[in-house]
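The structures considered in this document are given below.
You will see two complexes here that share subunit A, one where it goes with subunit B and one where it goes with subunit C.
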Partner chain A sequence: MNTAVSIVYTGFVLGSIFATSAVGLALMYGTLRFLNLAHGGFLIVGGYVAWLVADRLGVPFYLAMVIATVAGAGLGLLTYFSMLRPLLGVGSPRWDIATIMASVGLAIIIEAVILLVFGPRLKSLPPAIDGKIIVGTIVVQYNALFIGVLAVLILVVTHWFLKSSRSGIALRAVAENVQAAYLMGIPSGRVFASTVAIAGALATAAGVLLGSFYLLRPSGGLDPMMTAIVVVVFGGLGSIPGTIVAAYIIGMLQAAVSVFLGVKWASPVLFAFMILVLIVRPYGLYGRPEDVRV
Partner chain B sequence: MSDTALLDVREVEGGYGEYRVLDGLSIRVGEDEVVAVLGPNGHGKTTLLRMISGLLRPARGSIYFHGQPIHARAPAEIAGLGISHIPQGDLVFPQMLVRENILAGAYLRWSERCERMRRILEDFPRLVPRLNVPARVLSGGERRMLALARGLMGGPQLLIVDEPSLGLAPSVRDSVYALLRKCAGDGISMLLVEEKATHLEGLADRVYVVESGRVVLEGAAVEILRDRSQLLRAYMG
Partner chain C sequence: MGVRESLPRISATLLALLAVAAPLPFILPEYMITTLIMFFIWAVVAQSWNLVWGIAGVWTLGQMAIFAMAGYVTGWLILHLGLSPYLAAVLGIVGAVAASVVMALPSIRLRGVYVILMTISFHEIFRILLTTDTSGFTGGIFGLPPFEGFVSGDLGFGERTLIQYYIALAMLLVTAPIVWCILHSRLGLAFKAMGQNPLYAAARGISIFRTQVLAFIISGVLAGAAGAYWAQYFGTMQPAVLSYDTMVMVFAMMVVGGWASFSGPILGAFIMVWLSELLHATHELRELLLGLVIFVVSVTLPDGFAPKCARLLRLIREKAAPPRDAAARLPVRDR
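And now, the complex of A and B:
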């Protein structure tokens, strides 16, 4: 019984963070058909910015998170105007390859800049809340619970934005059919820029959440980015509901593997699971073949 | 029709890459007027509409709306001027709910979205029970209704509709044309493209017949639609 509760609790916290991390990636793919391989860089920038303002300047965790999120939106806008918009302007016949290569370059640049500014030594973010309670034999850290709830809150706000706001509806319309969106008077350039900014903000917010569990290092974004990619592929490339459901399933899976097989098996099982998904359900949970997108 | 037409397409040429579809085509639509463009498939009717709404740039010629040149403007800007284009195939957003599709149409008039949606749904009762289902599950007729409702949400001055009756069952086709008549009655100018003239009587004020990217016949709808042999001759070249 305790094992099951422990898996559900850990799975919930992990799933919430995975979802926050992966939703930005899914948004970007859904709207721009851009698989951002610099997503790990965005995650780690969030952690480092939060560390800088919280640890060095003594800013409270909540405010550090807001500052990191704003920085992520700024980095997203910079990425759009300096990299994606020029690539869109060129009208590359291989948009997918061009953007993947460009985002790999961006990831390397971000890592190099972080190394230059913060050095190679590991950093740790102070916890948002200290303390713990013991439920049966399970130790529940207030910080983990808080981070899980905060991630859910971020997802709820993102869901509201996408379902009910003018910009959110416009973003989803562009993601589904950019020509039809044009005919509604929706300016695609502004939507693309805001998508990348929102994705950047979500990624850095997730980076702060991750940073309160793991030590920060310049290349530390790679593993969570790979998990985010697995989540997005499993959810159905570009599908937001699919991404959120997939994140919680994978969170539970990782928690179960860690309990029954040990933490070292978490990644191999995750990628074996992704290969299985690609074979059994190539479009993921909520994905649809590209030609059905109209 | 007055000298200053609502829409004035002058001698447009162009198409897709090297393939020229329109060859010096000119048409005009006046205020409160319903104009139909007839012609066989593949002779440039859809291309003309795509050029008007900015999805395609003409290689030569010009297009004016309210006397302002629009042929070099982006599609979103043209929509903002008051032109709503219902394209062939409807292009609804399949994963979004019907309600969200309609709201997307209100992007340019967001503050009025609830009131506009309430009023428009009075004319589209078939959509009301379907508001919370994804657009991909709609029938062909419902999709056409949705595309029309969405196109009207922006409060257009000119509605351009590509083949409103294409692929629809007769009863649904009648409903679509009844809605178009209602739009005309509400004072919305319209440019309709059709392959067949069957449903245009009593709706269109003027008709252009297009063949090989050029206007080969034009005139008052009552005259052109009355003399089917004249239409047939124009179709057959």
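And now, the complex of A and C:
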């Protein structure tokens, strides 16, 4: 009984962290078909900006988060104008390969700049919410619950925005067919720019939340990004509900494997599970089959 | 142009390259020779990756796992079974091809980014199992203990480098023409068709299953040869070849040089190997500059350097000897 409760709790915490990491990546991938491999850089920029204003300048945590979010929007706009806009309209395989490679370059740049500015020493952020309660033998941290709720909230709002709001519909139209959307009078450039800015802001905000869990280091974005990619693609081509479900399935799976087989097996079993899922459902949990079938 | 008609041209190019590359160890300083050896190795790996990703359109990120598999199998056979380095290298290539086929089969039904996820899963499983192994079989995070490769350790460092240089050169000069011939054969046409439009290719009678598995097998042989050589050259095998940084570096070679072309990966390997060598002088700015180069090149030249270079070469050739017929006199981009 205790084991079950602790697996569910750990799975929930891990799932929340995974869902948080995937925010932003899911939005960029779902709308622009842009697999942002600089996503880890975005996460870590959020953490460091928050550390700079909260720890150095003594600004309260919530304000620090707002500042980090604004910085993320700026970084997103910079990414859009320097990298995505020149590549718009180059056609399918070229677009994917060029954006993947350019974002890898961007990731290296971000990591190098952070290393130059902040140095290699680990930094730590204060938790978003302090305090814990003890249930049986497990310690439930409010911080973990808060992050989980906030991540799901962000994803649900994003889903609503994409599905129902006017700008969201415009955005999906542009993502589907730039030229047709243009002929319908949708300013595609502005829509893309705002998407990337929002996605960047969400990514840095997620980075602040992650930073209150893990220690900050310049290369620390890589691991959350890897799980985020797994979560987003497993969920099904940037489908937001798929992303949430996938994050918690993977979180629970990792928690269970850690308990029954040991921590060493958590990642290999996760990846073996991924392979199995891709063999059985080649288009992810919520993806549409016609997108990917040969 | 068919393969048979261009055989004289290929042999001429090969002889010219051999004539340029063979005397280099006696002219250049030693560090340049070791850099050239790295270029030969990575050119073969980038070429093998490009065959699957660039030409056949299957977005695999498992190439470094295939490369490492060959190196590790070679090392295990030499260390644990005491096989001769040559036999071990051959079996290492067999291991690489096996790993390649294991990755090819489940990714047949997948396209695009799902292939990336599938292959990166294989890569990560291999990397994690290697590094977390504590039984001593894989050497864990410290890699395999040193062993003796092709070249006996009794020789001096200079002599060993010389022999290694020629083996690596031979590896590139043997594999590159083979890839060229494959690309210009019916099989190469099937690869390109599958890469550009798999649905249409299948409709025209190309077996996606057969073509994709063949692409992975050929690519596995190439990457395996490079991996087996790598293990022999360094006399050890480290899990660092499976790191994210190494993968990015080799992937960048393919993209910067020009994916989907024959000469692109070789050109890219040349550029990236020398660039990373030159940037060592800039110390802490190295990563920043490397990232900037990758970023700027992939935004401004999404097709890489190879098409630009090909156009330049053609313009020079036409300046030197203007073609007779009217169609060939059109500007290059209008043809």
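Criterion: the second predicted complex is superposed on the first by the 271 of 294 C-alpha atoms of A that agree within 3 Å, B and C clash if a C-alpha of one lies under 4 Å from a C-alpha of the other, contacts with A are read in each partner's own complex, and residues count from 1 in each chain.
Throughout what follows, a residue touches a chain if its C-beta (ideal position, glycine included) is under 8 Å from a C-beta of that chain, and two chains touch if they have at least 3 such contacts.
Computed from a prediction, not measured in an experiment: that's the story for all the values here.
**Q** So which one touches more of the residues on subunit A, subunit B or subunit C?
**A** The partner with more contacted residues on subunit A is C.
**Q** Return first, second, both or neither, reflecting whether A:166 touches subunit B, subunit C, both chains, or no partner chain.
**A** In the superposed model, A:166 contacts subunit B only, not subunit C.
**Q** Between subunit B (first) and subunit C (second), which does A:86 come into contact with in this model arrangement: first, second, both, or neither?
**A** second
**Q** Please indicate which partner A:179 is in contact with in the superposed arrangement: first for subunit B, second for subunit C, both, or neither.
**A** First partner only.
**Q** Thinking of the overlay built on chain A, is A:12 touched by subunit B (first), by subunit C (second), by both, or by neither?
**A** In the superposed model, A:12 contacts neither subunit B nor subunit C.
**Q** Figure out whether A:34 sits in contact with subunit B (first) or subunit C (second), or with both, or with neither.
**A** Neither subunit B nor subunit C is touched by A:34.
**Q** Common interface residues of subunit A with subunit B and subunit C?
**A** Overlap of subunit B and subunit C footprints on subunit A: residues 292-294.
**Q** Touching subunit B in the complex: which residues of subunit A?
**A** The contact residues of subunit A facing subunit B are 163, 166, 169-170, 172-173, 176-177, 179-188, 239, 288, 292-294.
**Q** For a test of understanding, state which residues of subunit C touch subunit A in their complex under the given definition.
**A** Residues of subunit C touching subunit A: 57, 59, 106, 108-114, 116-118, 120-122, 124-125, 128-129, 132, 195, 198-199, 202, 208, 244, 248, 251-252, 255-256, 259, 284-285, 287-288, 290-296, 298-300, 302-303.
**Q** Considering the complex alone, what residue numbers of subunit A touch subunit C?
**A** Those in contact with subunit C are residues 29, 35, 82-83, 86-87, 90, 93-98, 101-102, 104-109, 111-113, 115-116, 222, 226, 229-230, 233-234, 237, 264, 267-268, 271-272, 274-275, 278-279, 282-284, 292-294.
**Q** Enumerate the contact residues on subunit B facing subunit A in the complex.
**A** 53-55, 74-76, 79-80, 84-85, 87, 89, 91-96, 100, 103-105, 107-108, 110, 136, 150-151, 154
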